[in-house]
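Working notes, structure below.
The chains carry the letters A, B, C and D, assigned in the order they are written, with residues numbered from 1 in each.
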Amino acid sequence: MYGKGLLTGLGITLREFFRKKATERYPEVRPKLTERFRGGKLALEPEKCIACGLCSLNCPNGSIRLVTVKDEAGKRKLSEYEYDAGACMYCNLCIENCPQKCIRWDKKFDFAGYDRKHLIIDCIAVANAKKAAEREGGAETHE
Amino acid sequence: MSNEAVYGIMFYLVSAVVLLSAVAAVTLRNLIHAALFLAISFVSVAGIYVLLHADFLAAVQVLIYGGAIPVLIAFGVMLTRTPGAAGSNPVNTKTYIWGLGITGALFAVIMLSLLKSKFAMQGLISKEPSIEGLARLMLGDFLIPFEFAAILLLAAMIGAIILARGGEAK
Amino acid sequence: MRTQTYELNMGPQHPSTHGVLRVILELDGETVIRAKPVVGYLHRGIEKICESKSYPQVLPYADRLDYLHSMGNALGLCQTVEKLMGVEVPERAEYIRVIMAELSRIASHQIFLGSLVGECGALTGFVFAIRDRERILDLFDMACGARMTFHYIRYGGVVQDLPEGWVEACRKFLDDFDGMMETYRNLLVGNEILQARLKGIAVLSAERALAMSASGGVLRASGVNYDVRKAEPYGIYNRFDFDVPLGTVGDSWDRMMVRLGEMEQAARIVRQALDQMPEGPVMAKVPKLIKPPPGEIYHHVENSKGDLGYYLVSDGSPKPYRLHVRRPAFVNLQLLDELCRGYLLADVVPILGTLDPVLGEVDC
Amino acid sequence: MPNDDILLRIGASLRELFAGVLPGPDAVDVAMYFVALIACVALIFTNAVILILAERKVAGFMQSRLGPHRLGPYGMFQTVADVIKLLTKEDYRPQGVDKWVWAMAPVVLFVPPVMVYAVLPFGKNLVPVDLNIGIFYFVAVSSVATIAFLMAGWGSNNKYSVIGGMRAVAQMVSYEIPLVFSILGVVMLTGSLQTSVIVEKQSGIWFILLQPVAFVIYLIAAAAETNRMPFDLVEGESEIIAGPFTEYSGMRWAMFFLAEYASLFAVSAIASTLFLGGWHGPSFLPGWVWFLGKTYVMIFVFMWVRWTFPRLRVDQLMALCWKYLIPVSLANILITGIGIFAYRAMGG
């Protein structure tokens, strides 16, 4: 009969009306991130880093900029490590190619800002600030 | 203030709107604006009907003219050539005199016939619902003309459809 | 009455042109006389970028071609490079690749269905499709940590084995999938208004479809039985038992129903793959520095949009000398003008929807 | 017990108050009309605020979303915030619009729903203006809305808007006919156009049972008249973006929404008047509560349909009207006439 499809359609939407909803109240209910989640910013552990530059070399977009200096013993040392989230493709190649496993995703994905500059992150400073905060109170910082 | 005075003031106000918007409708250069003023004119005529306690007629006036004016505008839009509607309703000043003459003659004819004829319900405001009397007249005394009018309208409609289709075939 | 035609710019900012497509419509009243698609508003020069990147760096860009079927794009590119290098992919990786590509196909067709009916006005159908697609994205998120640009399939296999509990989650999704299809059928397919909107609209004959080198659902809706997975089975597709849904008329309705059928067939393939999947390594021995031998190769796969081909020229260096992508959405989109002529303005949007262009792929 | 009705008591005390201040009964009547007008406008505004939230909630719930939920409990103040935002927006006039036509369109569109509210029978003795041609007045006044859409469409000087305006004419002029014909069935049963009389006659049996076909036709035609799904071709946001509304912003744009929801309420109220027994209902609640309840049920039905169906195409829309609805409604009138005749012949 003509109109049967219309009525079944109405039935479906009415049933949905009383069902549990699929969406969440976002800022209060945080999404559960999976273990392998790629997102947020790069978190660096500067003392583990050997300044080999493989992460920067493997990055398709050149979103990692690092500067190395030679110390007294002639060993290469990291002096600057900048990560530009605005240019990042989140392809994971930097992390996969790190021989020391000293970079990882911090998974804090909500870092929208009003300026492009906010997307460029000085990873060494962030790591130091985090360490300082841990030394202070042991509490996790949420920058 | 007596009721009659209020009705008088209202009558002249509404009449002024009717006449002024009618003048605007014939003089404005923009077809769309002209049609809109025509709508105002027609709808305000309904106001006069309301003052005369002819509610049904007023509603009919609004329905017919309020509903039909958009079609008129639509035709105006369709017939208007780009660019713009600014000069879409050209007014030929040379025919002013003709227009005035014809209007005057028509006005005279209507006035004469109005003055000559005698009205059955002169000066009487009927408290009876106007629609019932109308129904009795249309479906009783004047049934045959009423039905003839219906047939005429049907024929006109069919004719219009045929004309429109013919234009498509070309 | 003499009438005038007029031009109407649909897009590039228009709610239903699937991104930044611009269509210049020539209309007589509401009847379409000409519909000229103007592409290039999302052009990123991916083919050119790829010439200056090493092979591993090229791979993430493949995800960004047809971002609704990323897994399929990556699969095609990986198989192209593997074919040139002669790499043997481990069994388990092959199965995972098929599962991912087919799940991605379902997700892509859900977007197709949702956006098509959403453009016809049934927004609830759109939201239902998006909601159900979310389940697939959750599976991808579990496997590789991303929901859109996965970068999961790599040269020589897949980057990581499936995590704990993934197979069960996938089976659970497949169980629910029949219910989802049932909802689509009841809410959308059975709806008489939608049928009236799509049936008999924009009929594409098999000859024209072949002449315009259409592919994918657009071609099969016209009744041409051509599916790369059947015609030239790549990977392990010859091990699965699945049908190729075909249309009979070639109208918008058939183009929609073919895609719905493909979703079910994809689910069937995923079920078989989950059952047959062996244990083992997921990555072949591939050198760190990928340098295919000099030569050229063409490889094509059946993407959700159609026949996706990669033409790769290698000069033996770690960067591709030339990579050309045959983008099915781009090829299908050229049918828009032909299909729209003589139909109404309101038909343009569903016709565009059934051609299913993804602007990331069209403009590349 | 109509005197227990709180609204009637308020009305009576107001009348007493005016009688003490104003000279003559005519002046008191006029004052009471003004009170009714103000009440109607207040109803329109509060109702629109409620209905916009309700629509968004209904849409959300049917799409397995939560709908607005940020502002206030269950997002109750969302529309209030929206209204404030729209009011404080810049009054922006695009270049090249037909200034007066464009600016007047939202105002003209707002007139018909306000005028229709005058004849809605909110309860026994609670009709703002109990015209003896009430239903016909509703039809006549609501036909003016077409002009407003066309004004907006033409005045915007935008091709999308003109297409929308032309669609509005074709659609609303056509669907007026089945709308009137479906109402006619009820009018034939009652022999009156007065809304209060129509409701009065339904004390025994609701007319939806006697005129089910007319009810369905009325629903379809009313949805088309108010430009709601599946007949929202005038807006058709996937083809012509928003049709006549494309070039409006701020409060002018909000006026379109106010008018849309006001007329949605109006057609729903007329539906409950004509077919659902108006204020009749078990007497533990006052009549106007029943009336509003039935009206809101009708509104829910309209929303439900909107969030389920796709949109028709313009030729299908016209075909539905001229090829199906009008013949069926004419047949309905004929059958109703025969039915009444047979009923009388049997000595009913």
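Things worth noting here:
We take it that contacts are C-beta pairs under 8 Å (C-beta built on N, C-alpha and C of every residue); 3 or more make two chains touch, one makes a residue touch a chain.
Note that the structure is a prediction, hence the values are computed from the model and not measured.
A simple rule picks the central chain: find each chain's mean C-alpha point, then take the one closest to the mean of all protein C-alpha atoms, which gives D. Chain centres here are C-alpha means, and the one lying farthest from subunit B is A. The geometric centre of subunit A is 28 Å away from that of subunit C, both derived from CA atoms. A separation of 72 Å divides the Cα centre of subunit A from that of subunit B. In whole angstrom, the spacing between the mean C-alpha positions of subunit C and subunit D is 45.
Centre-to-centre separation of subunit A and subunit D, using mean CA positions: 52 Å.
Taken residue by residue, subunit D touches two or more other chains at 62-65, 307-309, whereas all remaining positions touch fewer.
Multi-chain contact residues of subunit A (touching two or more other chains) are listed as 6, 9, 12-13, 16, 22. Those residues of subunit C in touch with two or more other chains are numbered 6, 124, 128, 131, 187, 191, 193.
In the complex of the two chains, the subunit A residues touching subunit D come out as 6, 9-10, 12-14, 16-23, 25.
Of all residues in subunit C, those touching subunit A in their complex are 53, 56-61, 124, 128, 131, 134, 141-146, 149, 151, 159-160, 163, 183, 186-193, 195.
Looking at the complex, you find that subunit D touches subunit A at residues 58, 60-66, 69, 304-305, 307-309.
Every residue of subunit D that touches subunit B in the complex is listed here, in rising order: 26, 98, 100-101, 131-133, 136-137, 139-141, 143-144, 146-147, 149-151, 154, 162, 165-166, 168-169, 172-173, 176, 193.
Taken in their complex, subunit B has these residues touching subunit D: 3, 30, 32-33, 36, 39, 43, 55-56, 59-60, 62-63, 66-67, 69-71, 73-74, 77, 85, 129, 131.
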